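First chain A sits with chain B, and in the next complex the same chain sits with chain C.
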Partner chain A sequence: MIETAVIAEAFLNVLSPYTLFFLFLGVLIGILAGILPGINGAIGISLILPFTFGMDPAVALIMMLGLWGGQNFGGGVTAALVHTPGAASGAATLFDGYPLAQKGQAGKALGVICIASSVGWFLSTIMLALIAVPLAAFALRFSAPEYFAVGIFGLSMVASMATKNIFKGAIATLFGLLIVTIGTDPFSGLPRFAFGRFELMDGINFLIVMIGVFAIAEVLHQAQKPTVHEEVRRFSRELPSWAEVRALLPTMVRSAGIGMLVGTAPGAGGSIAAFIAYNEAKRFSKTPEAFGTGALEGIAAPEAANNATEGGAMVPLLALGVPGSGAAAVILAAMILYGLRPGPRIFTDEPVLVYSLFFGLALGAVALLILGLLLTPYLAMLMRIPKPYLITGVTGLSFMAAMAITGLMFDVRLVLLFGIIGYIMRRYDFPPAPMILALVLGFMIETSMRRALIMSDGDWSIFVTRPISGTILALAVLSFLYPILRKIVSSARQGGA
Partner chain B sequence: MIRSNVIAGAICLSIAIFVYWLAGSVPAMTATDNLGGRFFPRLIAVAMMIASIGLIVTGLLGIEISGGTAKGGAVKSEDDETAAPAPEDEAPLYFGWFGAGELRLGGFVVVMAIYTMILPVIGYIPSSVLAFAALIAIAGEYRPIRVALGAVGITALLYFLFAIVFQMNLPGPSLF
Partner chain C sequence: MISTRNILASAALVLATSPAALAEVEWPTQSVMLVTHSSAGGGGDVMLRNLAPTLEAKFGISTNVDNRVGGSGAVAASWLVNQANPDGYTLKSVTPTQLITPLRSAGIPTYEEMTPIARLFLDPTTLYVHDNSPFQTIEEFLDHARENPRDLSIGIGSAGSLDQLVLQNFTAATEIDARTVPHEGGGDAVVALLGEHVDAVVGEPGQALTHLQDGTLRMLTVFQEERLDTYPDVPTLAELGYEVTSNKFRGIFGPPGMDPEMVEAIATALSELYEDDPWNTYWTEASLSAAFMGPEEFTEYLGVVNEEMREFIEGLN
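Then we have the complex of A and B:
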């Protein structure tokens, strides 16, 4: 049973001025990251990570979760104001946010985005607490074969879900797993692919790869694109009325549920949840014809959903140690850096921290509501920062962040190398997210697999004869093969018609 | 045929074969387990060969098998750009084989590479001011005073954050 004292301690921790300051700071940086083009949650969290090394892990993680939620909101702000989502999660918001802003009601659009984001975020936190705790209790039965199966399931979902070509998704995943093998063999302690370089003996730090494939690759992508000037008009400060907000509540609750469910599945991010919630809101609406012309429901649905994916993604992350997205992977990496071991045992080993994260997330939604409503009109002016200064600043920040993580010039050069690799991957539609998740999960997958085979004296059937492991592996195979089967069935139908 | 997929598949297949061969240098068996350190990389290399062959074959057949939620454009992936095209400030420029975008990209990579090399030699401040000025200019700001102010400003801001606020040792000059 969870002790009341643990919950009370966690609650008081979160309410301390020190934690609240960093929570609000995280949300503020997140809103800025969402507004600035090309900076997503994963990049933002990677870049602030070096600054959190001296902090209490709970405070640092709460700050990162705040940044993640703030970023989801910031992406919607630019979608409404300049028809360009600052983050992918805000893409669906432009369908109705932008037309409403064009009607001279930008303040109302931003108000709905802020309120829906906060509601989605808050509700998903409640659902997170309700789902993660029993799931973690169930996962306590897991042993090496089950952990191997969970790792494979996470990778197969990510590699096959949001990719334009599943073979490219698989190759990106496998490339990430190959990077994990660089360094030292975890069982024998002998060097493996270290090429005699002492910098590689401990392996390649996944944060270095993340900064490269997310931040530097984005800089290179932006450098290649022509310069554009976004026109940011002055806009009204009119907020939605209480009656309008109340009418939107069912849409927000339904969309938060969709966002939560989608977020729980590894590989499905905020943008996917937002599009599904938008379509569902239109289906449920009494005035579907108003969608696309500035309908408030069309703004509230995607925003509540994309912010709710954060709570959803935290379920497998906390309960199983499996991140479901790029941002979740960075959070997982941060937890490992702080000496924590995400997975079911964290609920028994670090209960105060886990409940602090729950309370931190819930308060983050409140912080977003306050900061979003008060500061958004001023923060939106950041969109006027010219691209040459913005991408140069991100370049400098990326290299210095790499320097702060390991202190090695070798790693600064690796950031550039992975930036170029990330750019090439992006250009040829190899998704970077599966590679990052493979990097984070690779160690667990290899060690669990080899440990399980030691347990079974080399008998591979251990992975399929144990019910939980066998079921999860079957789901992993199905999730990867589903797109191929769907293609075959659809080709057969077309051939028959 | 989707040529880019066939070429990408061939490159990935070559990498996988190389990794498989390279793993031969890792001990096959240790006292702690029978598989040894070479087994896992070889397993991954074989899986990568299969995926690469899949990419080549589907590329040759002109088939693109999209993921579970990336079909038909109804649902977009994280990397999709949904925004309507914004007006461009520059007309497309071409210099021989390369367009302006490729030249900017190449310029960025070269300046970044030089930056990582001169950083430990001449130290953080001079190398950053020079590199950032070059990057700002390549990215499209051609007014010299703004370039200089931008480079100095970004260098100072990062110095303040990392060296003063977070007490990090930024690279000093080893040349002088």
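Then we have the complex of A and C:
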């Protein structure tokens, strides 16, 4: 049992001005790292790591956790403003964030991103503090069949993403899955569809595809429009109203739960959680047709979910010493460096530290709310930049990001190639979202399916006889059929009326 | 020492006609990039993430650990040969994987195309099971495996690795039939064992350190000549009469075309790190043996090991 004295000591530690200063600084650096494409949480944390020597370990870790959370918010900001995510976790925010900002409501879009990020972060921290240990045990029950089921559940969202033309959606999905097969066969270790190019042996990073298909394709699209008499574009810095935020609460709570669970499973991560939350928000929405045109729920869901994955990822990190993502791996390295041993015993050996981290995370969410809302009006001013300058800047930023992600000139050319592919897809109404989804999930689906079949010695029933896997697969079937059934039911009703 | 060196340097300065004559290479003087082919939490990754702070503390420089995962090390190797800067500040962790992968498929850079800098450790390969496992000893494990062919599944870090070769040797020598389950790195294999999704893992003790210490996982046997100092109760497989040993080396490579003096300087710096923390804590607790070799000796050693691997892999086909 945790003593009150321990909790009080941890709380006072975190409330000291010294800790708070570094927490706010961490969140601020994280926001900037998130906004810049190509700089992710892991890189940001590695960059500040050397400056934390000599700091109290709790303060240093709290600063890193702040950076991590700030980064999840920043990624969504770039997605909403320039049609490409600043970090992988912001991928799903683009679908409604960008249309809303284009409607001149950039302030509202960023406000929702900030509030949802903070709420998701805060709720996941509470869940972390309450159920970290049992949740870690639950996470261990996830093995290959379960990861496969999660991947299939994710893919089932294609049906609701491609509402206009399910066949074009399916083609886009298959194209995404094809791209995933490029690289190295994970079970023989031999190159596969790499065309003798070592740059392709690691596969194609999905951010490279996203930057091409969204940012460069958007640039090509915008460049085609005449801009002879461009007036200064109107935009509002107005934040969302209290009533709007309150209406989003159920979405944010649900998404935080999804983010927390997905984050707990090592190897899934922020972008997968964001996609699942986005789709669930659409399913629960009273106005699903508004999704894709700037629905506030469509912005709040992925952002609450991706920030909540941080609390989720802390579960295996603290309780098992297993890092679930790049950022978590750097934090684990830092903990070992400070002489801490994450594992089941850390809760009893270092209770003050663990509770300091929990309070630090909770206050980090508050710091993000304050900093995010203060920065929003200035970030929204990006929208005032005249279009020719903006799209030129986006082009430069896209190539810079490609360079930053892998350091390969080859990938810069890939961005251009995917820009052209994205432009053609857009021209002929192939939705890019299912393709990105397939890219995010494809590798996990392939490796976990093949691993599960080795585990079962070729017996396919392993996917349905294991309770968690079977349940998730059943949900996947329902999720796939839901939009189709819904259409049939509503048309039957109309026919009857 | 230092003052002597200074005096010598001053003397050289006076005497030297060309500035190149007194070039004494110092390392490190700037940020070091440490590259590994293993994923977060895997053996190579853990090594570099302990080397990094040790270098930082000792030399006051910054470091960066870069995971270039994929292709059983081919991605990292190709990158090192084709793109890394040979200035001595981009270094790569190396394990037998770097020898095996080019032997398995053509077109992947071999160790001869890189610059071997230093062998640092020999790393034992072991077999461990979950605490809930019915097998208390390796004999029980083998008995069950013989009576129930293909019933047991054994996890390894990645396909085409030394662990897989050791596992194949092990199953061949003991005449058992078990299923091999490759993962995305040693860390992932340990997670699978923690969740009891595989029956055992063949790998280094280092990747399961905390769990072996607190008793969640139990080591059954060691694939090397002698018992480990840190696990004196665990028998070697040789004690049971099966000659399956693996000496997995860990070292540091650089890109091709490095200045030989720089290579010497790096090797010297690395040879003097063993007692520094957290490096010291890392290798003692992971049951590694300090087995330093400088660049020339290491290159010779690699030639010998490479031939052994080649024969072995050809024998498998």
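As a convention for this text, the second predicted complex is superposed on the first by the 272 of 497 C-alpha atoms of A that agree within 3 Å, B and C clash if a C-alpha of one lies under 4 Å from a C-alpha of the other, contacts with A are read in each partner's own complex, and residues count from 1 in each chain.
Note that in this section contacts are C-beta pairs under 8 Å (C-beta built on N, C-alpha and C of every residue); 3 or more make two chains touch, one makes a residue touch a chain.
Keep in mind that this is a model prediction, so the values were computed, not measured.
Enquirer: Does the superposition put A:345 against chain B (first), chain C (second), both, or neither?
Expert: Once the two structures are laid over each other on A, A:345 reaches chain C alone.
Enquirer: So, does A:314 touch the first partner chain B, the second partner chain C, both, or neither?
Expert: neither
Enquirer: Per the contact definition in the header, classify A:454: touching chain B only (first), chain C only (second), both, or neither.
Expert: So A:454 meets both chain B and chain C here.
Enquirer: Touch test for A:178: chain B only (first), chain C only (second), both, or neither?
Expert: Touch partner of A:178: chain B, not chain C.
Enquirer: If you stack the two complexes on chain A, which partner ends up touching A:323: first (chain B), second (chain C), both, or neither?
Expert: second
Enquirer: Contact-wise, after the overlay, does A:357 reach chain B, chain C, both or neither (first, second, both, neither)?
Expert: A:357 contacts neither chain B nor chain C.
Enquirer: Now for A:143: first (chain B), second (chain C), both, or neither, which partner does it touch?
Expert: It touches chain C, and chain B stays clear.
Enquirer: Touching A:39, do we find chain B (first), chain C (second), both, or neither?
Expert: In the superposed model, A:39 contacts neither chain B nor chain C.
Enquirer: Looking at A:441 after the superposition, I want to know if it touches chain B, chain C, both of them or none. Which is it: first, second, both, neither?
Expert: In the superposed model, A:441 contacts neither chain B nor chain C.
Enquirer: By the touch definition above, which chain A residues appear in both interfaces, chain B in one complex and chain C in the other?
Expert: Of chain A, residues 50, 185, 187-188, 190, 267, 325-326, 407, 454 contact chain B in one complex and chain C in the other.
Enquirer: Going by the contact rule at the top, pick out the chain A residues touching chain C in the complex.
Expert: The contact residues of chain A facing chain C are 46, 50, 53, 140-144, 183-191, 196, 198, 201-203, 266-267, 316, 320-323, 325-326, 328-329, 332-333, 336-337, 339, 341-345, 407-408, 447, 451, 454-455, 457.
Enquirer: Quick one: which bits of chain B touch chain A in the complex? Just the residue numbers, please.
Expert: Against chain A, the touching part of chain B is residues 4-5, 8-9, 12, 15-16, 19, 22, 26-27, 30-41, 44-45, 47-48, 51-52, 54-55, 58, 63-71, 74-80, 82-84, 86-90, 100-102, 104-105, 107-109, 112-113, 115-116, 119-120, 128, 132, 135-141, 150-151, 154-155, 157-158, 161-162, 166, 168-171.
Enquirer: Across the complex, what residues on chain C touch chain A?
Expert: 40-41, 45, 49-50, 52-53, 56-57, 62-65, 67-72, 74-75, 78-79, 82-83, 101, 104-105, 107, 150, 153, 158-161, 179-184, 187-188, 190-192, 194-198, 210-211, 214, 216, 278
Enquirer: Please give the residue numbers of chain A that touch chain B in the complex, ascending.
Expert: Answer in residue numbers: 40, 50-51, 79, 82-85, 88, 91-92, 94, 159-171, 174-175, 177-178, 181, 185, 187-188, 190, 192-193, 216, 219-220, 223-230, 267-272, 275-276, 279, 325-326, 386-389, 391-393, 395-397, 399-400, 403-404, 407, 409, 412-413, 416, 419-420, 423, 426, 428, 430-431, 433, 446, 449-450, 453-454, 458, 479, 482-484, 486-487.
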